[in-house]
Structures are given as structure tokens and as C-alpha cells.
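By written order: A, B, C and D. Residues from 1 in each chain.
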Amino acid sequence: MNPITIIWNFLSNTYHRLGSPREFYTISRYTTPVFGALFLVLSLIGTYFGLFVAPADYQQGDSFRILFVHVPVAWMSLFVYVVMATAGAIGLIWRMKMAFVVTICSAPIGAAFTALALMTGSIWGKPIWGTYWVWDARLTSELILLFLYFGIMAVYYAFEDRKTAEKATALLSVVGVVIVPIIHYSVEWWSSLHQGVTVFAEGGPKMPPEMLLPLAFMAFGFMFFYGYALFLSMQNKVLDNERKSGWVRALVNNKEQQS
Amino acid sequence: MNWSEFFYMGGYAFEVWTSWGLTLLVLLYFVIMPKQRNAKIKSQIQRQINREQRDQGKTDS
Amino acid sequence: MPNLKVISANNLSCVRGDNLLFEGVSFDVSEGQCLHVTGPNGCGKTSLLRLISGINQTETGCIKWQGANTNDNSLFLSECAYIAHKEGLKNELTAIENLRYYQQLDGINDELALDDTLAKLKILKCADLLAQQLSFGQRRRLSFARLLIAEFSLWVLDEPFTGIDTDGRELMESLCVNHLKSGGLIIMTHHQTLLDSPLNQYRSELQLGQA
Amino acid sequence: MFRNTSSLIQPLVFFIIIALLFPFSLPAEGLLLQRIGGGVIWVSAVLATMLSLESMFHSDYQDGTLEQMLIHPRSLSLAMLGKALAHWTATGLILTLFSPLLCVTFNIPSEQIWVLFTGLLLGTPSLTLIGAIGAALTVTLRRGGVLIAIIILPLYIPILIFGAGMLTQVAQGLEVTSQLYALAAILALSITLAPFAIAGALRITIN
């Protein structure tokens, strides 16, 4: 058997196992702590290098240290959106139950990342621009992204029937992901009309390695955090959705008897 | 390295620590909230099972 | 017989919220047969009809028309007519305009056939009244008229005999019998017995929701 | 043939009233209105389109004709494209035709009126098509109006930016061809993709 076949078999096996709520629950009980631990290790290293080792920026002084939370969080806000929409598309096309759970559980996390990116961005903006808010292209697109997340969450909670809600949410997230690039370009063009805005200079064109290193650690750390938080929330959703099934009841009952 | 100097952050203490603090709060929320919810859902299901068992006992007798 | 029209369902189920309405429902209906779906309120009769007619997608099992899956099957859709509680009539249009709309959707343009159909259902005198001016029974008859304007083989009828007078019921029963005699299929719900109805001899029963 | 004339007039009246609220809420400077008038008209058009969306599928859903469309052998997405364009002629097109009149009351110079008119003509069909996705998603909900706004307004931003931005460009004496192309591209994209999303949304929500 050649290695590609082995990898393919492994992937398709994982896909099918993750597609079943019960299998997902079993697997996630092992993977979730691993994600949590990876997040802790990576973000602690990143924090150490970011706050203690990296020298102060020659222009922005120590305020640039906001970058180590702001930039990863801003990246994640988009990353989560893409994951959410991809999962939504998978759910709609292949009718995969667990894909909808990914979509629905991602939305609040993505919204929180987006809100964080906005808040840290405007706090950082105060010393740099002299004001909390400027109609900068990136901040504005991020704000619109936040409203897209709100819309997606609102749709999910508007429907009484869970399956309808899941599919409607998935459809809206797919529609959103088509429009996000258009929003991005339109906002960029629009902000170029508003002259006089100082454009973010993130430590010059080339980032020195002592800044890049902690940023990379933090970025990967946040990615694992997303995995960790997503799995925690998906476990709850699965328990809630499948509360009438035998395996959930057995699981709860066993826990009770052990304690 | 001097700790008070570290917390002073070259005069940007407020900006840096609110940003990092807010991030930490949000991260904590997404860890603590699901864990609490998990316990809640499980106890709900447990109560449901207990109710059904009691109900069954009644109909049997 | 290769051309015998038959609809067969296998292992259908319906879940609403957390409630399982029915599962493992299977049946076969072929030419000249009428499937009578019975069961208490809320047992999923209407949901079953909506699955059959293709408004809702099947979660489990499948429905086959002439051996082919009915999902996105335009041959099936063009041969199946579904008459629901909601009559599918536009209030702002007259009776004949409503009927003409459906006729033209099916690509036919035959003014005479419209009049004939209305006459068959004895509502020709209402032809130029707005649908909102019709009585409930007249609206039922008008929605029934839709079955006759194109060549549908399978009629899916949700409580066709409610809200109409005895005369109307007899009329509709005779239309159904004619349809069955000419090789049509009917799947219907009706909360009362059909034992004393002329449909009885074509009838087979599917009971939902026996606990 | 319009049997329901009130639904034809309501969005138009709403459009004009919103636009006329602005002069009352702004300082009395003729120049200010002239400068922001185009943006005001665009915002009013967006709001008027959005208001009309809730009723787009509502009566069809209530009387059961929408279900019948769902199970008709003809393509649902094509039917929805037709439906959206018909809806547009009764809302967006009429707003566009009336917009020069509002421009006159705002003292907008005539070369800008043309730009605004063309922009609305290209932009409002996209507004209706994208909005119809939201209308289809919320058709079964009893209180869908606010939800439509939350879903749809963020998606309207690019159209608003290019449409209103053209006026700023013209006022500065710059070319607007690239924005016109952008609006046309968005329209082409909405015509090709939105009908599928509308049809998909209806199949999901109607059950």
C-alpha cells in the first residue's frame, strides 16, 4: 500500500468518525485537553518573549506590545469565519450533522475574537492616532465582520426547529463568505477617499525576528485555543442535541455512579 | 529587570494591560462557561432519567 | 408490466424538534390504488404528505417513483399534485385567473379547458369573482380544480373532504374514483372513516402513530 | 397588472419621507444638504428596499402558492430570479425614477443627478436580490423584520460605498467609471448567485 492511500484512508476514516456525534464525543475527550495544553505552552512562550524579551519599538515604545494579542486575534476573527462557512457548506452539501455543530459553535467564538480585535485595536489607536476610533479600512471591515457574526447568531436563535436553524445559519455563513472579499475591497477603496488618516505602521515594513517570533507563537497558540474552545462548546451542543439517545444517557448515568 | 518598570510599560501601562487583560478575560470566559454548561446539561439529563425511572416504578407497582 | 406507475416509500421517518413523529414508514401504491393515511392529530400525517410531494426532504429512507428517487426528479414533480390546507390561491386574482396561472405554469394555454374544469366542480358561476370573495367550500373546490388542468397521475390530498358540503364531497369522491379508474394514484389523509365511501374499494390504509 | 397598489406606493412614500427627514435634522445650510444629499438618498433607498423585503414572500407563504412553486418541476431559482426582478420593478426601479426629484429639492447639481440615477439603477437590483435571501430565510418567522435588517444591512455596505462614493468623486471632478464597473460586477454576481441562495433558503425554511 502506498503512503498516499494510507493517508487517504486515515483521513476518510477520521472524517466518518468525526461525522458521528458519538464518535466525535469520544475522540474530543482526548483531543480537547491536548489543544488546551498546546495553547497554554505556545501562548506562555509567546507572552514571555513578547512582554519580557522583545525590545521596545523605536517609534511606539512599549505600546506595540498590544500587537501580540491584537494581531493574532484579528487573524483568528477571519480564520474562524472561513472555518465556519466551510463547515456550513460541508453540512449543506453532504448533510453532515457535525459540520453544522462546528458552524454554530464557531460563531460566538469568532464574534468574541472580532470584538477583541476591535477593542484592542482602538485602545492601541489612542496613543498612536490620538483617538480611539478612526475610519481606517481594517477597523471598519472588522466592525462589519462583527455584524455579520451577530446576524449569523441571530438567525440561529430565531428558529424554533433546530434543524431548520442549523441549515439557515449555514446558508447565511456561506452567503457571507462570498461577500466578505467584496466588503473588504469596497472598504479599502472607501477609506482611500478619506485622506488624512494615518495608516497603521506595524513596526515598519520588515518585522524584526524578536517581534516575529513571539507573534508566531501567539498566533499558533490562539489557533489551538480556538480548537480547544470550539471542542468544549461542541461537546455541550452534542450532549444537548442527543440528550434522548442511549449513549448520552449511559454516559451521564455512569458518571453519576462513579462519583 | 525591574518589576515596577515592567508594569509601567514605558508609560503605556493602561493601554497594554487593558488589552492583555481583556483578551485574558475573553479566553477565560470561553473555558469556564462551557464547563459550567456541561455540568448543567449533564445534571438536567440525570434528573430526566431519574424522573423516568420513578415514573416506571409507579406504573409497575 | 414496465409502464405500471408505482410510488414506493421505504423506511421514512419524521422528527419535529425533539419529538419523533414516526419512523420506519414504508408503503407501495400503484395504479388505481388509494392510500388512506390515518392517525390521531399531530401524528405526522401532513408531514408525511409533504415528504411525499417533495416539499420536505427525507431524513432517512427514500421515496421512489417508477424506481427512480423522487428528489429533484422533474418527471415525478410534473406528475404529482399536492393539495394542502393552504389552497395556493391568490386573493387578488379571480377564480379563473388563479386556475389560468397554474395552467400556464405547466405550459398549457387552453381557455376552454379552464371553463370545463370550473363547470365540473360546479363553480363556473364564480369564475370572475376574486378568490377572497369565495366561500371556504368554493375555495376548496377551486383548489381541487387544479388537479384536473394537467395530467397528474399522483394526487396527494391533505384532508380533501373537510369544509365542504355533502354535495361537494360526493362530487370530489366521484372525481377521485374517476381518477383511480383511469389509472391514477391517490394518497390522502382523512380523519373520518372512508368505509361508506365509494373510494373504499380502492383503499388501503396506513396507520401512523400507534403507540 | 398590479392588483395591490398600496404595496406599490408604500416603499416610494417611505423613501421620500426618510430623505425629507434629513433637512429637518441638519443645520440649515444649503451647501451642506447639497453635499450630503446623494448619500442621504442612497441610505433612504437602502432602507426603503429593506422595508419592502418583509412582504416579498409573505403573502405567497401564507396562501400556499410558495409551496406549490417549491414542488413545481420548473427551476425554483429561475422563478426566484423572476420574482426578485418583478419586486425590483415595483420598488427599486420606482425609487430610482423618483430620485431626480429629490435631488432637485436638495439642490444637487445636474451632472451629479445623472451619476446618482445611474448608480441607483445599477445598485437597487442587487439590493433586492441580496435582500431576497434574507427575506427567504425569515419568511416563516412571525417577527422577521428586525432580523432581516440585521442579516442584510452589513451585506449592503459595498453597494452603498460604491454608489454614494461616486457622488463624492464627481463632486471632486473625478472619473466614476471604476465604481460603475464595480456596481455592475456586483449586479452580475447577484443575478448569477443570489437566485440559488434564495431557492436554497426557501427549501430550508419552509417545512
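The definition used in the following text is that a contact is a pair of C-beta atoms (placed from the backbone, for glycine too) under 8 Å apart; a residue touches a chain by one contact, two chains touch by 3 or more.
Fair warning: this is a prediction, and the values are worked out from it, not measured in the lab.
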{"item": "Greatest separation from chain B - chain, by CA centre", "value": "C"}
{"item": "Pair joined by more contacting C-beta pairs (C-D or A-B)", "value": "A-B"}
{"item": "Distance from chain C to chain B - Cα centre to Cα centre, in angstrom", "value": "53"}
{"item": "Mean-CA-position distance for chain D and chain C (Å)", "value": "38"}
{"item": "Centre-to-centre distance between chain B and chain A (centres being mean Cα positions), rounded to whole Å", "value": "18"}
{"item": "Distance between the centres, which are taken as Cα means, of chain D and chain B, whole angstrom", "value": "43"}
{"item": "Where chain D touches two or more other chains at once, by residue number", "value": "207"}
{"item": "Residues of chain A touching at least two other chains", "value": "161, 243"}
{"item": "In the complex with chain D, residue positions of chain A that touch it", "value": "92, 144, 147-148, 150-151, 154-155, 158-159, 161, 164, 167-168, 171-172, 174-176, 178-179, 182-183, 185-187, 189-190, 193"}
{"item": "Of chain D, residues touching chain A in the complex", "value": "130, 133, 137-138, 140-141, 144, 147, 150-151, 153-155, 157-158, 161-162, 165, 168-169, 182, 186, 189, 193, 197, 200-201, 204-205, 207"}
{"item": "Interface residues, chain D side, partner chain C - complex", "value": "3-4, 59, 62-65, 67-68, 70-74, 203, 206-207"}
{"item": "Chain A residues within the chain C interface of the complex", "value": "160-163, 243-244"}
{"item": "Of all residues in chain C, those that touch chain A in their complex", "value": "15-18"}
